[in-house]
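Labels A, B and C are assigned to the chains in the order they are written; within every chain, residues are numbered from 1.
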Amino acid sequence: MDGRQPPSRPAHDGSAYHLEKPAYNARLTEVGRFTPMGELLRRYWHPVGMARDAGATPRTVRILGEDLILFRDGSGRPGLVYPRCCHRGTTLYYGKVEDRGIRCCYHGWLFDVEGRCLEQPCEPEGGRQRDRVRQPWYPVQERYGLIFAYMGPPERRPVLPRFECLEVLEAGEHVEADDSSIGSGGIVIAPCNWLQHFENVVDPYHVPILHGSFSGAQFVEQMAVMPKAKFEYGPRGIKSTQLRALPDGRALRRITEAVLPTLRVVPSPRVGRYGRVESIGWTVPIDDTHYRIYVAGRVRAAGELAQMKSRYNGKTWAELTPEEHQRFPGDVEAQTGQGPITFHSEEHLVSSDQGVSMLRVLLQKQLDIVAAGGDPVGVAFNDADACVTFDAGQYLE
Amino acid sequence: MDGRQPPSRPAHDGSAYHLEKPAYNARLTEVGRFTPMGELLRRYWHPVGMARDAGATPRTVRILGEDLILFRDGSGRPGLVYPRCCHRGTTLYYGKVEDRGIRCCYHGWLFDVEGRCLEQPCEPEGGRQRDRVRQPWYPVQERYGLIFAYMGPPERRPVLPRFECLEVLEAGEHVEADDSSIGSGGIVIAPCNWLQHFENVVDPYHVPILHGSFSGAQFVEQMAVMPKAKFEYGPRGIKSTQLRALPDGRALRRITEAVLPTLRVVPSPRVGRYGRVESIGWTVPIDDTHYRIYVAGRVRAAGELAQMKSRYNGKTWAELTPEEHQRFPGDVEAQTGQGPITFHSEEHLVSSDQGVSMLRVLLQKQLDIVAAGGDPVGVAFNDADACVTFDAGQYLE
Amino acid sequence: MDGRQPPSRPAHDGSAYHLEKPAYNARLTEVGRFTPMGELLRRYWHPVGMARDAGATPRTVRILGEDLILFRDGSGRPGLVYPRCCHRGTTLYYGKVEDRGIRCCYHGWLFDVEGRCLEQPCEPEGGRQRDRVRQPWYPVQERYGLIFAYMGPPERRPVLPRFECLEVLEAGEHVEADDSSIGSGGIVIAPCNWLQHFENVVDPYHVPILHGSFSGAQFVEQMAVMPKAKFEYGPRGIKSTQLRALPDGRALRRITEAVLPTLRVVPSPRVGRYGRVESIGWTVPIDDTHYRIYVAGRVRAAGELAQMKSRYNGKTWAELTPEEHQRFPGDVEAQTGQGPITFHSEEHLVSSDQGVSMLRVLLQKQLDIVAAGGDPVGVAFNDADACVTFDAGQYLE
């Protein structure tokens, strides 16, 4: 053989040399203003902080790629405003909260929680034309210990929903909120796109692999059994029913839901109780490449929610060394390991990805509805329609 | 009401949902090469360092978005050169300063303070063709303890101006320089556009708010009184005269000036002395999003300038905790709080912003003059025209 | 003279004001996929790690701008795969290495070292259609204590070359590998383009300047003598012969070579031994702005290679203070001092840069060959042609 002639070898043997430039589905993932998913998400209320976060000290909030200032005026009303003062642009983070609103540090303009300019102290007579300006703001409401904001078109503002599982309490229960991203796997602000986590909610098959055999039992033994799963479209999202045959001959029936806009409705994988779901979580997009989960749930003792956090090799996620993160990966590693925004162009979805596929179809459909001027699933404009009931729960049969 | 029908609500209620994409005025703010403001600023001399910064050890300097190397050859001449050696591009930061200039570490080319190549030791006969290359350089001059550079077209190089307030000294006075950004509010290198600070010089109304009532008296009590202000165009910039009625029936007349290119001519807000202005400051753009202030002033004792620095809640700016920065904001917070470059598209200027508006008009006019091939205000081409007198000062009446 | 009229001054006096926007030669420097130089380099084998780096714990590797995962399966075969699992994109960095390959943490897909999918445990029957997917991979081989990868088109894969200087050992010698970038001047991962270092190999004239007079004798005294150098094209690269007249009347003849793709074939500048070259180094591009040198050499004692490292003022490079780096610059400072990628548009090559010019011509020619569908110099497709002999060495005459 002539050494200048390459041997005959197949031109395509799976080599990474042939990889095409990867791409992600921006329509499904990007949440900023003027994006399709950003518009869809802005048709719903989202938690932006704990009720206690709205106080006398202005606080920065980042949500859906927008930076905002959260505060509570002296009469107790929470406010969420654009940070740049509409006068000369200084951030209201340095503002002073007063009885009637927030005052900019630079020239002292005072705004109420709906952005109305109440004072312009450097202007003659305190600003004769102060009604001509308005500080950009978003409406907020408090419920379940959380502050919810509506960041969409005013004329499309829905009623803030109520949830049966948080409204109907058993004796001794109360509702508690948590902002530490329970259910994320351990991280508080996850450096990846929100959809990577939201899809995980409708992916029950990874549980016995990632949380069972792979890293040791992260949850409880029952969860290490590969389930038989069924997926259905529900009125507001995707419902998955998983059956697990238990060693004692009985079966664990577990129902989880992914509900628009970002709700994870998942019974505790610690399987501490049977019955209807005890908490719900909002997978709130901070921006395109970060999310955080707010949870509200029925508890009997304060701090009970935080005890739902996963343990790895006996440690909390934050206590793991880099080597242990590699050896005992969980949801954080699996999802942030897909990158800031996963490349959908490189995926190969298979039959066990049915939930993921259905969720994407549902989201795409809502994007189309909004683009056509309609209202997406689950928004309601009167209180009667705004109470949401879930099937989620876990039952021994 | 049908829950699928939104309630009637005004489509525009000031919601941040309707904010347009923000934009800044690049013409007024950007200072790099090949930009309009960059060209305008390059028609003037700017301080680039303290006289002591030019020495036997090459020193990096960043100004108007350009990185340069400052040194002083063995015969005492300061030099300011492009950092990349014109041979193979190695930075002269690693060069050796010699009697006749600076020598590149890589192949030993030696350049004088005007970029002439004096030696090429790897070439036959030390480089027969060394005159064909020249290390890019800028002319510099020393005055008032500062090194000034001219970075514009050589044929338009003006005379380095003298300033009456630094030339005519009273008995016991001498001129001192300072590079710690006196007047910035406390930071040395401010992470925002230079114009945000320069405009502040013609904004006397913010003083009783930001420096008076808002964070406690940062200056002295007199400054907490809201002034009556008047604004005028002067020969080289904007002059503002502020009258403050004092409790004892007298009046404080305070005159401040913003003079091209970047001069802040402001009597000490500590009001330690009455009379003509005692110091001037150059708001030097490091690049589009950073500036630093060089000051030269008449003092009776070394270090007197540094004592003009503001205090907040009894502390220097650098000593404040993050919480104190938020509670006691000053100029640094107000101006960097406008962002790296403020979004002019979102501003709402009012009557008390007259000084800011006039300064912008003056700058725009100079941009037009330079674009048309002319010389902007305040440049002079002979020594007789190059002495600058200010009206700035403060007087008790 | 009217002060409004500038003095007559030459419009061009070498001022940096006239510098044009700088540019680099992307064709010669950029190494990513789909670039000309990237394609050329991908026709050769490159070291990607030490043999010991391929083990039971997945390890990230960055080379030619690509991030990859290196591991060794339970049967001892090294594997180099694309990090994103072809299923849902989770990185195989969190994978588990098993006897037959690497298993993704998320859904448990198992891949062998050539990317074949062996198991899909969430799918019915372990994945009836698992042959439809393949994890992108690159072929690797072990030699000289290093793992070499071929990242180019499969049908053009050459034989991994052998090197006479590493194959023919003298009594008591063995071959040792090192990944600490011996020859770089001291840094392990250099933050600049690989070509800046590779060109340095054919630039013998800088040695007496940078490593001799400038920073004190970094190597040995003989190297401080300015050589007479000759440059020739060889079969695989550029050969340079340098003669140095020694004080005792004898001459040091030193032959160095820069061989494609990235080989530095340089006798130790410590001049510990005379004779043929004892080690070779690969200037491996990590990406466009970082490189690392892998070395393999004949030694008599383990760790001997590492003793070739330069000392500056008696210290190792890593021990120098910032001030000492400035005072005693070496290859790291000279080459990273050219910037992440040097601006070729600003260079002024002279006669002593002949080696650099010739290397660029050779590289350009290979780029043309590859673009025309040919094979560049030095690739061989059978073992008989794949043994490489060098002229490099140093001799006393």
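In this text, contacts are C-beta pairs under 8 Å (C-beta built on N, C-alpha and C of every residue); 3 or more make two chains touch, one makes a residue touch a chain.
Computed from a prediction, not measured in an experiment: that's the story for all the values here.
If you sketch which chains touch which, every chain touches every other chain without exception. Chain A and chain B carry the same sequence, and matching their CA atoms takes a turn of 120 degrees, rounded to a multiple of 5. Where chain B touches chain C, under half of the residue numbers in use are shared by the two copies, so each contributes mostly different positions.
Between chain B and chain C the centroid-to-centroid distance comes to 45 Å (mean Cα coordinates, whole Å). Multi-chain contact residues of chain B (touching two or more other chains): none found. Of all residues in chain B, only 33-34, 42, 57-58, 66, 68, 81-82, 84, 86-91, 93-94, 96, 103, 105-108, 114-116, 120-124, 127, 129, 132-139, 151-158, 375, 380-382, 384-386 touch chain C in the complex they form. Those residues of chain B that touch chain A in the complex are listed here as 1-19, 21-22, 205-206, 209-210, 213-215, 226, 325-326, 329, 333-335, 337-339, 342-343, 346-353, 356.
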